[in-house]
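Let me begin by presenting the structure, written as structure tokens, before commenting on it.
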Amino acid sequence: MLDRMEGKYDVVVVGGGPAGMGAALGARDSGAERVLILDREPEAGGILWQCIHSGFGLHYFREELTGPEYAERFFEKVIDYEVDLVTNSYVSGISVDSDGTKSVRVMNEEHGMDTVNTKSVVLSMGCRERTRGSIRIPGTRPSGVLPAGLAQKIVNLKGYLPGKRIAILGSGDIGLIMARRLTLEGCKVAGVFEIMPYSNGLTRNVVQCLEDFGIPLHLSTTVAYIHGLDRVEKITVAPVSKDLKPDMSRAWDVKCDTLLLSIGLIPENELSLSLGIQMDVVTGGPRVSSTLETSMPGVFASGNVLHVHDLVDFVTRESLLAGQFAGEWAQGVRRPADNIRLVPGDNVRYCVPHSLSPEREHTIYMRCKEAMMPCRIRVGNLMERKLRFVVPAEMIIFKIKPDLLDKFHGDTLRIDILPAEKGKRHD
Amino acid sequence: MIKAKQYTCIGCPIGCPLQLQHEGKDITEISGYECDRGAKYAKQEFTDPRRDMSTTVEIIGARWKRLPVKVTGPVEKDRVMEAARKIHELRVRAPVKLGQILIEDFLDQKAIHVVSCRTMERID
Amino acid sequence: MYDVAIIGGGVIGCSIARELSRYQVRTVVLEKYAEVGFGTTKTNSGIIHAGHHSSPDTLKGQLVVRGNTLFDQLCSELNFGFARIGELVVAQGEEDIPVLEHLKKQGENKGVPGLEMWDQKRLQREEPNLSHKLVAALHAPSAGVINPYEFAFALIENAVDNGVELKVDSPVLKIDVVKDGFVFHTPHEQIASRFALNCGGIFADKIAQMVGLNDFTINPRKGEEYMLDKRLMGLVRRLIFPVPKPTTKGILIIPTFNGTIMVGPTAEDTDDRYDVTTSYDGAKQVFDFVSNICPSITERETITEFAGLRAVSNTNDFIMGPTNIKGFINVAGIQSPGLTSAPAIAEYVCYILKGEGLVLKPKGNFKHHVPGPPRFGTLGIEEQQKLIKENPLFAKIVCRCELVTEAEIHNAIDHGARTLDGIKFRSRAGMGRCQGGFCTTRCMDILAKRLGLSFHEITKRGGDSWIVTEMGKVKNR
């Protein structure tokens, strides 16, 4: 295909967003010589180019950057590290030969359909937005109902507005950010409606994107009906009862021409599923070992394709690691198989990775089901940590040291989030 | 006369409801915070509230129609809309480099500029 | 002056247009929306009925079997998606079995081929994911599924190739009855014809009233449909019907032509001719019912939902034939099995026109064939590579969920797409689980470039369905 795509790669990374770039850098760090990123967009960087607000990089660069700045810094590193990058390319399938070599099938306007051979693969396709269909809003089906991220692309890259008078369902960060963004562009944002009794976004965004501009946030309220034949004309919103069903006796109408949906993200795993990789039904991503390897040997996953993160810095951190292990794998390093299964217990929605090995230190990423404050995390009988609070919108990250695991003789380690014990002070 | 102002702390997801009491410009009491960040935040919000500011401007001759830009220092909260209007008057021609200064000493603040947040090549 | 004006470009109007295009007749189709098939047709369940459900005493009951048999040839000529996947009417209890037996007998009398009673064991073997509480089923192998909008697009394309004129965005506002025929007023022009075919669907009674005919009414009956995630593909292989009720064939499980499963429709009478809304009650009805028949189908799997209106007449049958106004012919009240009957209706209408004095002289150069869309995603790799060699735009993915390529978007525009929905219904871009999140701006870019429009001039489906607006307009406010 391309000159630079000829021959056999050590690591091929599917997707060139922050996860893919991180994985490629990690792979090069591990000593892998030939690393290739395939990206379907005209430029690597993923969704970061349209996230023009600041708030990126505090953990990784120790500096607050906008999305494009974060993307460009990484992009420069990718070039410095001599990673091959082919854009406008869509990976339509991966197959595994008898010797373990992976053939990655790529489609590209310039070069048609071809395959690239590689020893290992990192899946970093990211995630996509949930749509109207996934939450089932009754009413008509006019133009003007769209996911907030698509609206963000329309405004920040294409240079158009999704409408003039906007309502937003869901208080995820993208929705909050878009409320401010559209206000700055002269739109009227009529309100943000959140079905849960708490915001799903960062407090900082509630304050700086809504309160600063006098945009009302209606908690425990949802959109119960969409009106308008060709274009949205208004929506009916209603407070919800305990079972999250709208109470139509207290409903009211909101005039708007646009309804943005900021109702969550779903890992994009069509490719993983076509490979027959084992999935976690809760995260919507692959099940991975402590080396971030999927159930298919030599295929790794990281970033939002694995589980949806709240901060790009954590995507980067996880992806560097996935890239390292993928690079090692390509060079013939085989780590001992994990022998401890990690399972979510009380008030734990999920935890990643799905298994551990006493061989090294592990970073555990997890989310709670319900807000709790104060509380403690208990990892089997190995460790307990006090926390001031947990909320579903914020990922919990902690490390487990190998010496702790050395003392563990079971095969299943359960993680619980429990209320703080009475009488004991939390810090 | 003592007056009260309410803030929501943005330091962490707890979002402590802060109460600040003041007599004219003098703060008499801050309460409602769980950690020191709350007190500090309320004080800042009362004396000189500022916001990070980023938006896009029109760009000609590039792959995309908009160029992301930011102000290199926080902007007074009350002037955010004014700042947006000013920045939106800009029209840039590709190529542009990351960090390139587009407006110098923005809103008459020394060494606070409007800069490009990315490189965009010229595409004809 | 046209010989025939067809009012309404739904699947009925398009079928008649194509049939008339075989003859030396000047025909025009007046469609009120931006593209054909954008009314009831695109919300149709897409079922080609075997014909055993409707009584032979009705017009619809007579035309349906003939319609069904015409689909094989139509499909081979027009290349729309069609598959005879078969149908099962399932009995939920012993008391339903006599109804199945009645349907079987009714079907056999009408010439429906291959009807067969299945016992519980056979049913479980053939459709293992259906509820094990079902006691028996009636199998009708000749039932099938099509994509109704593709059918309408192919029909009109072929008709236009053979000389029919299509006028979109042309609602008929007023009809003058003149000496030799009719003058139709649309927002843009006045059009004259000798014969008028009233294929106005939901509005057919209003069209009839324009020439002073008040002898029937259309009472829309709404149906809500719920499209499920591709994940469930293959769960059910045949159309699944409950035992029918007087107003409806009931809520069905429909493995669509593309394999995606759809459930619905509801049946609710409405006064509002624009009421294409879905509702909490409708969804509850559908999923409560379907989960009894196939327990693994849940509301959670929904990727999109929509509603359509059936054009039910006060006679509860098709209303077809000449009227007191010479030359004005009704083709109205076309409810289920209207889609299946469409080809037979088209033949029948030609017969009526002949009776009314229109000379139908066959054309020597009638083109039977339209190529149909390429459907890259359904092809094997070798065929895909061949297409890419011919046109590199086949290697450029525009819609990732349904694997639609840029070449297919161009093909859709080449074959008449003018709106985002026009592209979606021709190419499937935007029909998958992300519902256009990824491809919307890409399709808009291509449409804008090809049609010479600005980005903000693109619409979802014509009219006021704009998608984006210009930045400056708001800024300078």
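Chains: A, B and C, in written order; residue numbering restarts at 1 for each.
The rule is short, and it goes like this: contacts are C-beta pairs under 8 Å (C-beta built on N, C-alpha and C of every residue); 3 or more make two chains touch, one makes a residue touch a chain.
Note that this is a predicted model, so its numbers are computed, not measured.
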item: Pair of chains joined by the greatest number of C-beta pairs in contact; value: A-C
item: Chain nearest the overall Cα centroid; value: A
item: Mean-CA-position distance for subunit C and subunit B (Å); value: 53
item: Centroid spacing, where centroids are CA-atom means, of subunit A and subunit B in whole angstrom; value: 26
item: Whole-Å gap between the CA centroids of subunit A and subunit C; value: 39
item: Per-residue overlap in subunit B, given as positions that touch at least 2 other chains; value: 88
item: Residues of subunit A touching at least two other chains; value: 155, 158-159, 185
item: Contacts with two or more other chains, residues of subunit C listed in rising order; value: 475
item: In the complex, subunit A residues that touch subunit B; value: 42-43, 49, 52-54, 64, 66-69, 71-72, 155-159, 181, 184-185, 202-204, 206-208, 211-212, 373, 388-389, 391, 393-394
item: Contact set on subunit B toward subunit A in their complex; value: 8-15, 34, 51-52, 54-56, 58, 63-66, 68, 70, 77, 80-81, 84, 88, 98, 117-119
item: Residues on subunit A engaged by subunit C in the complex (per definition of touch); value: 40, 88, 90, 92, 105, 107-113, 128-129, 131-134, 136, 138-144, 146-147, 149-150, 153-155, 158-164, 185-187, 225, 229-231, 270
item: Subunit C residues touching subunit A - in the complex, by the definition given at the top; value: 227, 274, 276-280, 282-283, 299, 302-306, 381, 384-385, 388-389, 392-393, 395-397, 400-401, 403, 406, 434-438, 440-441, 455-456, 459-471, 474-475, 477
